Structures are given as structure tokens and as C-alpha cells.
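Next come two complexes built around chain A: one with chain B, the other with chain C.
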Partner chain A sequence: MKFWQVKNKYEEPNSFFKEKRIRSYISLVLILIISYITARLIGFDLILIFKNFSKAVIRFLDLYIPPNFLDIKDLIEAMWVTIILCITAGTIGTFLAYAAALGMSKTTGKIKPLRIVLRALSTFLRNVPASIWAIVLLMAFWFGEFLALLVMTIGTFSFNARLFSDMIDETNKHSLEALDSVGANYWQIVFQGIVPETLPTSISWSLFSVETNIRSSTIIGMLAGGGIGHLIGIYRHFRKFDQLTAAVIFVVVGILAFDQLSVQIRKRIL
Partner chain B sequence: MKDGGLLMFKEVLKVENLSKTYSGNTRALKNVSFKLNDEELVSIIGPSGAGKSTLLRSINQMIDPDKGSKVYFDGNEITGINKKKLRDVRKHIGMIFQHYNLIYRLTALENVLHGRLGYYSTIKGALSLYENNDIYKAVELLDLLGLKDRKYFKCANLSGGQKQRVGIARALIQNPKIILCDEPISSLDPQASKVIMEHLKYIVKEMKIPCLVNLHQVDVAKTYSDRIIGMSNSEIVFDGHPSQLTNDIIELIYGAKEDEILAS
Partner chain C sequence: MSDIKISFTGKPKIKTLTSADIVISAVIIVFILITVYTVFFNIEYKWDDFQDETALDIASNFIRFDKVGIDKIIEMLLSLINTLSLAFVTTITGFVTGIVFGLLSARNISNLYLSNLIRGTASLIRAVPTIIWVLIFVSGYGLSATTAVMGMFFHTLSFFIKSFAETFEEVDKGTIEALRASGSNWLQIVFGTILPSSLTKIISWIAIRSEINFGVAVVIGPAAGVPGTIGSLINNASRGGDYATQGFGVILVFLTAYIMEVTINNLRQKSIIN
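And now, the complex of A and B:
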């Protein structure tokens, strides 16, 4: 075989696909083997699950269906509190995140130590899960709406701060150069250049934060107290599973409604 | 400062021994010296990487030139002055860019008013508390540049030529003593380019604001300039009237004859 023939591996185009297919089969087999080994290691019995699956389904339906809207007044009130908490946490967190992002970004953060401290802080806050914050802060702030608010604010802040600082770094440097060239100072460039260019996207992300907050409010409310999550916790505790289903339905409807609202808002600002 | 000769033009800008060395010993400018007088439209031509952009940005110190470089603006040396004074100088120097460099989410009117930021306090500038005089002036300039019905358009929705005219209005509202133009027509089609160059000519002759223009198009430079500066390899190799720009000199600047340069 000549030199160039060795280099050109696929003389026949369909052999390229043949080899690709073989590679896929090997990967699939490997994944199955790994799944089997790990399942054996933790004593996960697939056959037992299939055997008892119908029993589990029947039990599930028995416990959770139909949903019981007996406490509808409580549910509505708790959902209202949840939404208010989520919006408040979303806005406060977003504001703080924007301020921190200005200090964190390479474009606007002129003080290097501050940049490093803020970056470390937001990374730390972000990498501790919200449920852990709820458990840890419970000792200091006690059970209730404020703790839930605090935990969600931490979540929104830490996530958005990182996001916004990347966003500020990506603003068009050319546009900022022009403001610099007319003799505008730092805060003028921030408010006339960076804020207008990043504001719509920031608002969009803050809406997303509120959505995430509503989603996580179930667990956070259960751990920290307050809102619909708290109610879910109580239902679970007293084994009122049909009422728990009703609460979950409320959360899902809440998320869907807010999602539609944010779609409309985004359409108008972006 | 008066020019001593027959022409009683005022000397607005004087550049002496301007050098710029980037890290890694790349020399972008080598001892560049020239003058710019009142009522002059001076073009700087040269191949990409000759140092045209660096030269322009070294004048208002968007790029810090090397030590020993001297730039005199309106009779005063502006190299090595502090940040506050530099901002004071910059508000008198208009600048127009190849990529327009507008804030695209804001309207044409707001972008024009950005030209006044140097004259405002931090708070007033940051919160857009512009004075009525300035707002009317901005409107007047937009009308003058043929953007009467585009005042409240977001700049993202304007065409290239319109964006560049907003850029010109932003420079003009500064009441500049000089306008630096960094390849103002390189992103535009021929018709829009012509409009922009006509506006620059008007600015120089009627508004009496001298312009220093980086250009890629030799024929445009010949048509509109009062003087042409040719740069090659970070140095000025030609400084004279457009009629003196012979084929030999073009070859010296570009390393090729004019008819060999595509779309020159």
C-alpha cells in the first residue's frame, strides 16, 4: 500500500459509516456493562422492581389520587406567599448580583482584590446547594418566611452574579471605547453603556430566577418554613397524601403561569 | 500658535516623535511626526497593520504612546497628563469609528447626546439629565445629517450609513476642535461612503473643524483630502498634496501599484 493510501483510511465511503456504527455498538455494550456492575454493587434488583411495579403503581394511585382540595383557602394563601417570596428573592438577588457583577467583571472591576473576593464569594455560595443553606441557616435565623427568602436570595445572587459578570465582559468593547473617547468617566460609561446593553438580558435572567425559585420553593419551604413548601411538609408529616397532590398541582400551575408571563415580558423587552 | 508661512492657518495638532511599542517588542509606530492645521482634511493611507489605527488612538491616548512621544493639541502638550485633564482634552476631540461604536440598544438621539458626557457631572451624565440646549442641538444635528425621522430609532435598527451619521453627530455635538476618523467608510457600500465623505468635507470646510481620517481607499483619499499622509511599516513615508501622490509613491506605501490594488 502506498503512503497516501494508509493516511486515507476510508477508501470506500460506506466503510466510514460501518466503522462508526461498530463504535456506537461497542459504546452501548460498555454502558450496559457499567450499569450492570454498578447496579450489582448497590444491590439494585431490576427483576424485583418489575415484579412489584404494578403493586407500587396501585399504592401510588391509592395514596395520591384523587387530589383533595379540602384546604383550598390555605393552599391559595400559601401559594400567594410563595410567589411573593420568590419575586422578592428574585429581585433582591438580581440587584445584588448586578452590583457584584460590576465588581467581578474584568471590564468594569478595576480593583483586583475586590474582583477576586467577589468571585470567590459567589462561587462558594453557588456550590453549596440551597437545601444545605436552609439546614445550616436554620440555626441562626429560625424557621419561617424570612429564612426561605434568605435562602432563595442566596441562590439567585450567586447564580446571577456569575452570569452577569460574563455578560458584562461580553458587551461590545467598541461601544465602550467610543464613550471613553468623548471623555465620559467610569460611572457614566457604566450607566450609559454597560447598563443599557445588558439590561434586557438581565431582566430576562431575573425572570428565570423567579421561576427557579418557585420550583425550589417546595423543598426550601419544607426545610426552612414558609409558603407552599411548608404546607407540603405538613401534609407529608401527617400522611395527607391526597392534599399533598393538590399542593403539587398548585406549584405546577404556578410555574406554568409565571412561565407564560415571563414569555410575554421577554417578548416586549428583548 | 500660528504657522509662520503665507498660510495663516492655525495649527491644531502637532505630533512629534510618536512611537508605540507593544509588549513583545512589536513596534506599531516609529518616530511619527506631522502637523494638522485648521480647515484641513488629512487622510492617512497605508496597508493593514501599517499603524494607522494606533496612530489615531495615540493622539487622544486611547492607547498610551511610548515615553518621549509628544502630542500637542491646541498648543498644549497632552502626553503624560493626568486622567482628569485627559478627559478634559478628550471632550474636545471627536472620534468616528469603522464599526460606528454606538450603544445599539439606545436611540439615535441618546447616542448623539453621549457626545456631551464629558461636559456633565457624573450623576447628571449617568442618569441622562441632559440640558435642553444639548437636546435641541442633538436634534438639529440629526436633522442636518438627514436623520430627521430616525431620532427615536434604536441604533440596532439603523443601516450602516445611518449608524455612521449618528456617529458623526455624536462627534459634532462635542464641539470638537478636531475629529479623528478611524476608517469611517470601510464597512459601508460605495453610495453610503460617498455621503459620509461629503459630510466630512462639509464639516471641515463649513464648520471649520479639521479631520484626520484613516482610509483604505486611495481614490477616496485623493478625491477628498487636502493632504495625504502615507504610512508603511509603522513609519510615515509620504506627507503631501494629493497631486503629489504618484504611482511610485503608492508602490512605496503599499508595495504595489495603484492599479494592482483591488478596489483602490
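And now, the complex of A and C:
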């Protein structure tokens, strides 16, 4: 080999692929080992699942099927409360998130300390699951629809605030510049330039938040009270599993219906 | 330009109302009406039940780590590891099954009927909340980690089916056709082009699902009664009035989730996702 020739790391053409293959085998083995250790740590038993599967299915069918629609009046009322609570939390949370996003975004947030505080607040609220907020606030507020509303509003607010601030950052700068050059003040730029451009996407995200709220309403209702989740918690506590199935059917129908509704709305506005 | 409309104030109308505007205003009006109804007429505010002393206690003890006993700290950290393991095991089992069903439901390499069947089942699974899946399996497997994994597994599976199928469908059509033309069978197409070209996206989806699963694993304890996760400890501390320990647990959960979020954002900035 001459001195000016660059030495190839891979002498043979196939050694590159060989090295790659070895690396992927090693990572695969590592993942397997970690899974085995973690599974042992928490006491997860894969064999038990297959061994007891038929037993579990039979027990499930025995306990939960057929659904018992004895308290259908209560169920309908609870579902109605759940849906309006979720929509209310979605609306309030979205409004607050939009206001916070105006302060958080680099385009519109002119006060730096406020920007940092809002960003930190939304990051903190977002990264702690909503149900943990339910547990934390439960001792002060006690069970009830108001606590459920509060927890869902926190969830919607923290999730949407970051999305909206990213969205505002991505708005078309030229239209804002044009508004600025014709002498529009701050609020005129916000309401004539930023709001119209971001409105359809925000509506779409607020629909998504309501959907998420309906999904999480079961767990929040169990922990914080309010709506159909509270009923599910009660049924579980008193071991009325056939009525629990009826409540679950209500939740599933509610989620699927709202899903379809939001798909239809999204198709028309985006 | 004869079709300029004049508004009732006498100014020319610059913008005409489109159907999208009407839908948007309708949605906003309905949402605001429901909000007003709920806030002012529906909710029972039990202000008599509001414990202002407790609220003050919770707030003042939230970051008082000096009040947390060393045994509590060790217990919390151990249960945090437990929670992370729960999320990891669920993600791995969901991934292994999800990739098989994801391949079967990608429209470009699979049968249309099979794909629709799998997708329909997945969306039905997703409509049932995670906590309900856990409650269902409690009847069969008892209150153990196995139940928690089984309950969380179904949502993870349907998430992976949906996201993987979408990822696989974005794989370049020409490459698949070229492989097909040169006589490759299904497995060779999968391992030759589908998996290698969507590997980075798969990794990001796994990261995203790990974050979601961690959040679910935290709350699965207090809601379904599965022992050993950090949520149960926070719940116990809250019920026992030990607000310093509760605050410590919440901060731990926050830090873990925050690290995960930062990791995912880094992946996203390397243009791995989208």
C-alpha cells in the first residue's frame, strides 16, 4: 500500500455489514437481558398468562357478562355529566392554554420572565400524570365533579399550551410583518394575524383534548369522583361487575361517537 | 368586481363566510354554551368541604425534602424502578406483537381485508380505557404485576399497530416493487426494505410509547390496586397526611417523565420523527 492511499477501515467489502450485524445482535441480546431482569423484578410471569388464560376468560365471562342495565337512568345521567364535564374542561383548558401560549411563544411573548415562568409551569403540570394531580388535590378539595373538572382542565391546559406556543411560532411571519408595517398595535396583530391563522388547528386540538378527557374520565372519576368513572369505582367496590360492564359499554360508545364527530368536524374545518 | 358585498355598517365586506368558518363558530358557540351551563348550573360546589388548612399544608410541604425519612426515600426509589420496569416490559411485549400485526396491517404489503380487520380490532381495543382492561384481567390473574402488564399491553399493542402500519405504508413503493420483481418472497421484502428503512421511526415510536406507558404505570396502582408502583406510595402518603413524602414522589415522577420528554425531543430534532 502506498503512503498516499487512504486506508480503508473495512478491508473486505462485506466486513461493514458484518460489523453492523454484530452490533444489532449485541443490542438485541442486551434488550433481552434487560427485559428478563425487569420482568423478574416486578414478578411478571409469561407462563402464568398462557396457563391461566382459559381460566381468566371463563371467570371474566362469568363475572362481567351479560351486562346488567339495571341502573340505566343513573348511567345515562352520569354519562351526560361526564361528557359536559369533559367539554367544559376542554374549553376552559384550551382558552387558558391559548392565553399562556401567547405569553410563552417567542413571537408574541415580549416579557422574558413571564415566558420562562409559563414554560416551566406547563412543563411541570404536563409531566405529572393527571391522576397524580387528582390524588394530590383530593385531600384539599374532596370528591366531586369540581375536582374532576379541575384535574381535567390542568391536563388540557398543560398539553395544549406547548402545542399552541409551537403553533404560534410557526405562523407566517410575512403577514405579521405586513400588519406591523401598516401600523397595527400588538393586540391588533394578535387578533388579526395570529388568531385567524391558528384557529382551525386549535379547534382540532381542543376536540382532541375533549376526546382524551373522555378516555381519562374513568380513571379520574375513580380517584376524584364525578361522572361515570365514579359509578365504575362504586360498582367495582361493591363487586357489581355486570353493572360495571354496562357502564364500560356506555364509555366505549361515548368515545367512539365523539371520535366520529370530531373526525367529521375536522374534515370540514382543516 | 361587482360582487363586493356591503356589510350592515356600510363598509365593504373583505372576507366572505365559508362553510369552514360556520363550522368553527358553531363548535365554539356550542362549547361555550356547554361550559356556561356546566360551570353555573350543573356542578355542585362543595365549598364547605374545602379544607384550606390541608391545602396550605400540601403546598408548604411540597418541596420539604428534609422532612422525608430516608426509608421513605429508598422505598420511593425502589418503586420508581419497579414502575419503570413495568413500563419497559409492557412496551417490549407490545412491540414484539405489535410489529407482527403492524406488518400484517400495512396496506402495501398485506391483504386489504386482513388489514381492515386488524385495524378495526385495534381501534375497538383503543376505545376501552386502559384502566378497564386492567380491571378485566384482575378477575382472572389477581392483583399482580402480570395483571398490570396484561391490561397495559392491549393499548400498547393497538398503538403500535396503528403507528407501525402508517410507518410501513410510507416505505418507498419502488423498492418494494423491485424486490417483488426480482422474486423475493414476503419475508425477504420485510427484512430487505420495510424494516431497515423504517428503523429510526420505529425507535421513536417505542420512545413515545415508553413515556405514555410510564404515565399509565404510575396511576395504575392507586386506581386498580396493583401494588408496588410509585402511584400507590403517593396515594398512601396522601391518605396518611404525609405531604412531604407525597411531594417528593410527585417530584420524582416529574423528573423521570421530564427526562423522557427531553430525550424524545432530541430524537425529534434529529428529524427522526416527521
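Keep in mind that, in the parts below, the second predicted complex is superposed on the first by the 226 of 270 C-alpha atoms of A that agree within 3 Å, B and C clash if a C-alpha of one lies under 4 Å from a C-alpha of the other, contacts with A are read in each partner's own complex, and residues count from 1 in each chain.
Note that a residue touches a chain if its C-beta (ideal position, glycine included) is under 8 Å from a C-beta of that chain, and two chains touch if they have at least 3 such contacts.
Note that this is a predicted model, so its numbers are computed, not measured.
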item	value
Chain B versus chain C as contact partner of A:Ile65, first or second or both or neither	neither
First, second, both or neither for A:Pro200, with chain B first and chain C second	both
Partner chain in contact with A:Val81 - chain B first, chain C second, else both or neither	second
More chain A residues in contact [chain B versus chain C]	C
First, second, both or neither for A:Ile26, with chain B first and chain C second	neither
First, second, both or neither for A:Val182, with chain B first and chain C second	first
Touched partner set for A:Ala120, first chain B, second chain C, both or neither	neither
Set of chain A residues, in rising order, touched by both chain B and chain C	199-200
Residues on chain A engaged by chain B in the complex (per definition of touch)	172, 174-175, 177-185, 187-188, 190-193, 196-197, 199-200
List of chain A residues in touch with chain C within their complex	31, 34-35, 38-39, 41-45, 48-49, 52-53, 55-57, 59-60, 63-64, 81, 84-85, 87-88, 90-92, 123-124, 126-129, 131-132, 135-136, 138-142, 144-146, 149, 199-200, 203, 206-207, 215-216, 218-219, 222-223, 232, 236, 241, 244, 248, 251-252, 255-256, 259, 265, 268-269
Of chain B, residues touching chain A in the complex	60, 62, 87-91, 93-95, 97, 99, 101-106, 114-118, 120, 122, 125-128, 167, 170, 174
Chain C to chain A touching residues, read off their complex	19-20, 23-24, 27-28, 31-32, 34-35, 37-39, 42-46, 49-52, 54-55, 58, 81-82, 84-86, 88-89, 92, 127-132, 135-137, 139-141, 144-146, 149-150, 215-216, 218-219, 222-223, 228, 231, 234-235, 238-239, 241, 246, 250, 253-254, 257-258, 261
